[in-house]
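Before any comments, here is the structure.
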Amino acid sequence: MKYVTTLQEQDYLLEIIDDEHLRVGDRVYQVDFQAIGDQQFYSLLVDGNSYEAQVFPADDGWHVILQSRLYSVCVEDERDKQLRLASQGSLNPHGEFLLRAPMPGLIVSLPVFSGVKVQKGDVLAVLESMKMQNELRSPRTGVVTRVRVNVGDNVEQKQALLSIE
Amino acid sequence: MKYVTTLQEQDYLLEIIDDEHLRVGDRVYQVDFQAIGDQQFYSLLVDGNSYEAQVFPADDGWHVILQSRLYSVCVEDERDKQLRLASQGSLNPHGEFLLRAPMPGLIVSLPVFSGVKVQKGDVLAVLESMKMQNELRSPRTGVVTRVRVNVGDNVEQKQALLSIE
Amino acid sequence: MFRKVLVANRGEIAVRIIRACRELGIRTVAVFSDADRQSLHVRYADEAYCLGAAPSRESYLRADKIIEIAKVCHCQAIHPGYGFLAERADFALACQDAGLNFIGPRPSAIAAMGDKAVARATVSRAGVAVVPGTEGEGALSDEDLLALAPKIGFPLLVKATAGGGGKGMRQVNSLEEMPSLLQSARREAESSFGDGNVYLEKLVDGARHIEFQILADDQGNVIHLGERECSLQRRHQKLLEESPSAFVGEDDALRQAMGAVAVRAAQAVEYINAGTIEFLVDHKKQYYFLEMNTRLQVEHPVTEWVTGVDIVKEQIHIAQGKPLHYHQRDVSLKGWAIECRINAEDPYQHFMPSIGKITHMTLPSGPGVRVDTGVYPGCEISPFYDSLISKLIVWGKTREEAILRMRQALDEYKIVGVRTNISFHQSLLHSPEFMRGQFDTHFVEEKFNLDKANDGKDYHPEIAAMIATLVTNRQAQQAAQFVQQKPRNTSHWKWLNRREWQRR
Amino acid sequence: MFRKVLVANRGEIAVRIIRACRELGIRTVAVFSDADRQSLHVRYADEAYCLGAAPSRESYLRADKIIEIAKVCHCQAIHPGYGFLAERADFALACQDAGLNFIGPRPSAIAAMGDKAVARATVSRAGVAVVPGTEGEGALSDEDLLALAPKIGFPLLVKATAGGGGKGMRQVNSLEEMPSLLQSARREAESSFGDGNVYLEKLVDGARHIEFQILADDQGNVIHLGERECSLQRRHQKLLEESPSAFVGEDDALRQAMGAVAVRAAQAVEYINAGTIEFLVDHKKQYYFLEMNTRLQVEHPVTEWVTGVDIVKEQIHIAQGKPLHYHQRDVSLKGWAIECRINAEDPYQHFMPSIGKITHMTLPSGPGVRVDTGVYPGCEISPFYDSLISKLIVWGKTREEAILRMRQALDEYKIVGVRTNISFHQSLLHSPEFMRGQFDTHFVEEKFNLDKANDGKDYHPEIAAMIATLVTNRQAQQAAQFVQQKPRNTSHWKWLNRREWQRR
């Protein structure tokens, strides 16, 4: 199986030859890959070097924590990559974004209101939980549309707070 | 639900009144019983006292390890107990007992042979495993019948070694 | 002698106190909220009683219920831990009134140190240098403050007298911007603490936060157990603490001088039991009293390890009216201890708290490693309390050995189910500034960048790419096996049903 | 300086050595059998290579493969741990021939101490008292032994010269029964060690097993690190060790005298690196050399804790040709340390080894607690190696504090999936003989009864009955829910199928 794996804007061409061999670009490595205790962490021996990583699903692929460093990695098989590139022109990156509460808590601040234009990284709401004030930020530029909560509201996990279009 | 629970030849009459109340004999206790992490251990609050126990299934009920002491406990609901007492005369305690290897290992000694009479507690075989010699003992008095292995054999877990009748 | 002690807290500190009691042969009573029935402190105590619903004000802050339980259970004493009721003079007083021993200072000392402005005035009168500012007791009006500000000089800080955790705090750079900032600080203080009083303090630039552990018995003996370096903070929350401090280092004269001042500050309020004097120290080694914490600190283990003193056992000992086990001359700092606070929060998502069930946990262990924790595999991290789930403490003969040991321990520490700041600590321990011991209280927020912290060293993008690809491939294979089974599953339901039964 | 070290072992001791190397900045190479791919030592090492199938002779005893891997990986040294190849002079020699540093004594010292009869003769010539017996070197015939026996006196022990673990050992009570016992001892020794040689030793009744830790560098410095009490054994396997020994106690003259003799015994074979001199000590405080272990011991942590010396790091340091970090005058025993060996075995079933997958594990933690372990939740305990899965070590200011702390730690230690001897240790720690420190090497097997050990105290049959009943009821409820679902499951297979899908 062949994959195109992207990490910090660099593509790696990987081929899984068999259970014990992996090609990266031109080079073939001997690998021994094991899931530890059916959990989110893995042990990898590559030509004898021992690595351990935690791997979490992320929005756009995987978050790999390897030796205390986070790598955001996107893995596509070759066909996926072709399809995505072919259709990229028609993709609309400006759908509605719905901000949800990542955990239960108290809304202590709402510095935006409907109609306000926000930049990526702007604070949309401050949620108090676990005795901390947590800033919820905008993932992209857009306009705030429906604000569904007020300061002082107790919200449940995943409750919709407001939208950005 | 009512139970007759036997422990070291003493019967306890227990009634589970509801999730929070338990009657033992004449006395009603307030209880809060919880399985910890879906494992074999449990937390019990009885009138505020906190106990923790590991509970394993055993041949004839449960093994409860509570504050480092092992209790062998047999629990029957009232109907079971009646049935068992009624049929006890006809029960045959002398069926065949099949000795199986509790773990993989090497048979290093077989001090018995077919036709030998053994007492409860006599050594039937010595199995070497985990660098230790482990004595497998007879659970009751009887006569050795079919010896299926020889000294020097490597046996698998649960492999039949010999029978007692 | 205490025969039974109620522990009015939860989490790792409740477990820590229960362990100390059990090692002293004292029975323990835990209290818990609905969210904590399966917590370690409930499981490890001899007795445990429910206080109420999960929110603190309905459970761990219910002083009335806690005192009632202590009386019904025939406890002799209550240990408040830290947070919750630990620094509430009214609670200490209520314990006293109920005939219960409060394991901590007298209510008057809690009150005196609880109002930050009063505390500054009190220790100042005792000859302890405080950060220059408004030392007068009582409430100052905006006019008073605006008149005093130029004498202190800018930049300065407006701080809430009832303060804590950075609430009601504002940095003021000029007289012009002061009126509006005063107003907002008072408003925030009012809403956070029900007390809008504020005071002014000079902003000490590039300062370190160094604190001294104090022990005092009721027979007039007061000693200090050396210093803790607590400058590594984020949003006024300490993250990593050390004892000794690399800044004080070999300068034992400074250590003894600061220790003596700390003792004097404690004596100024006739302090009893364990407490901590916090100092700000500038780069010229000038030190100023900041505040006193009238309770056990989260970071007490680093002091325990370098001094050999079990602070919690000593607290219990003192509370029974006995003299300290130690004289000042018995106390010396041996080796080096570091503590990392392991929080359930995601360092890659603005340190957002993380909740959920811990599905797997491997603790670090081995020589020189201590873990104080209130969680275990299978338990739930709820959103109701703070995010500190564990403290990892290591000891080494030297700071270098302690750092290398902490790195190894952090590598070994595996928690699955909630995100943690373990990798943040790992990066911090690799930063050149930390390794050199050169940092101030602003370092983490202003100068430390998680992404760039360890560029170069241990950068293995190709390995990360391999692992992500192998995980993807593994999932694809599992999905493929599943799809292959599908036709059989739907067309032979009896077979499926049999399988289903067997699986149970 | 070593840049890379191969660890020729597995389990907790391999992890212990890897931790020490990493804290010294040395890269580590692990080796593993097919059964150990997911073991901690493989996961924690920088590199890891498979040796072969699970049985030791196809993996951890493959000296040739291990040396080959060390060379290919450019290691400078090999640490053998304990067991496996640790006391094989031929392996130490092969390392030397391959240009690798063997972290341990010279092959000649291993050989001299490996033959128990030769060892006795050697140290005896150096003026060290040995248990009275046949001190002559070389093979003695049955005739020789029968002639010598009455001079030694009965009861006596026949022991294999290549011995260990009680194999080839027989107690002889009279001359009459000696010929047949000699024959069976020789036969057992031949089959166990390929060497039928035996020697005689007086049986010292009521003796204690007390050993001294030795450190020696290649510059002629030899020191001891005080004693360890190792009398608590079952079938010649140590179960619980302490330092100091309650028997030696305050008698520092005895400690120093025995320590000096231990140093002399080590010097007799020009010993280098860490080693242990075992003594038998009778109730009159007469002590006799028993044997020397020319390697790191399982129980080294108790000595580490009371002396503050990191023995594994010191081993690596010595192996690099450097002088010891310590003089004899630097060594003193501070506080009290106890180790419990946690074995995967069932104390209620004749200590039968237990295998399986560890489904849950909660480690004890907190102040004064150390765990050295090679397992973690999710790992498999295989039948191929010994049953030691973890060592729990505690420290206290006094023996009393250490005992109370160990009890608390054992209470906290939860392992589900395999049976362990944790409750055995708990009972042992509650026995009056242990608490008084009055026991000999036969105590556990002859005088300690697990069932009666703690009668009276902590006897809660009613609570046990409640728990068993509640578990039964819980199961009945779960079964009832399942039965209720059954009609729906079989008649609405589509619904089931949907459920089944969701569950995946």
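Annotations for the structure displayed:
When the chains are written out, they are named A, B, C and D in that same order, and each has its own residue count from 1.
FYI, a contact is a pair of C-beta atoms (placed from the backbone, for glycine too) under 8 Å apart; a residue touches a chain by one contact, two chains touch by 3 or more.
Bear in mind that the values here come from a model prediction, so they are computed numbers and not experimental data.
Among the pairs A-D and B-D, the greater number of C-beta contacts is found at B-D.
We define each chain's centre as the mean of its Cα atoms; on that basis chain B and chain C are separated by 47 Å.
If you average the CA atoms of chain A and of chain B, the two centres end up 51 Å from each other. Between the CA-based centres of chain B and chain D the separation comes to 31 Å, rounded to the whole angstrom.
Residue positions of chain A with contacts to 2 or more other chains are 37, 39.
Residues of chain D in contact with two or more other chains: 44, 360, 376-378, 411. Chains touching one another, given as pairs, are A-C, A-D, B-C, B-D, C-D.
Against chain D, the residues of chain B that register as touching in their complex are 1, 3, 5, 7-8, 10, 12, 14, 16, 22, 24, 29, 31, 33, 35, 37, 39-42, 44, 46, 51, 53-55, 61-71, 73, 75, 77, 102-105, 129-132, 134-135, 137, 157. On the chain D side of its complex with chain A, the touching residues are 29-30, 37-38, 42-50, 73, 376-379.
By the touch rule above, chain D contacts chain C in their complex via residues 15-16, 19, 22-25, 44, 301, 304, 308, 310, 360-363, 365-367, 369-373, 376-378, 396-397, 401, 404-405, 408, 411-412, 482, 489-490, 493, 496-497, 500, 504.
Residues of chain C that touch chain A in their complex: 235, 237, 344-345, 348, 350-355, 359-360, 383-387, 410-411, 414, 416, 422-423, 426-427, 430, 454, 458-474, 476. Residue ranges on chain B touching chain C, taken from their complex, read 32, 34, 36-39, 43, 45, 48-50, 52.
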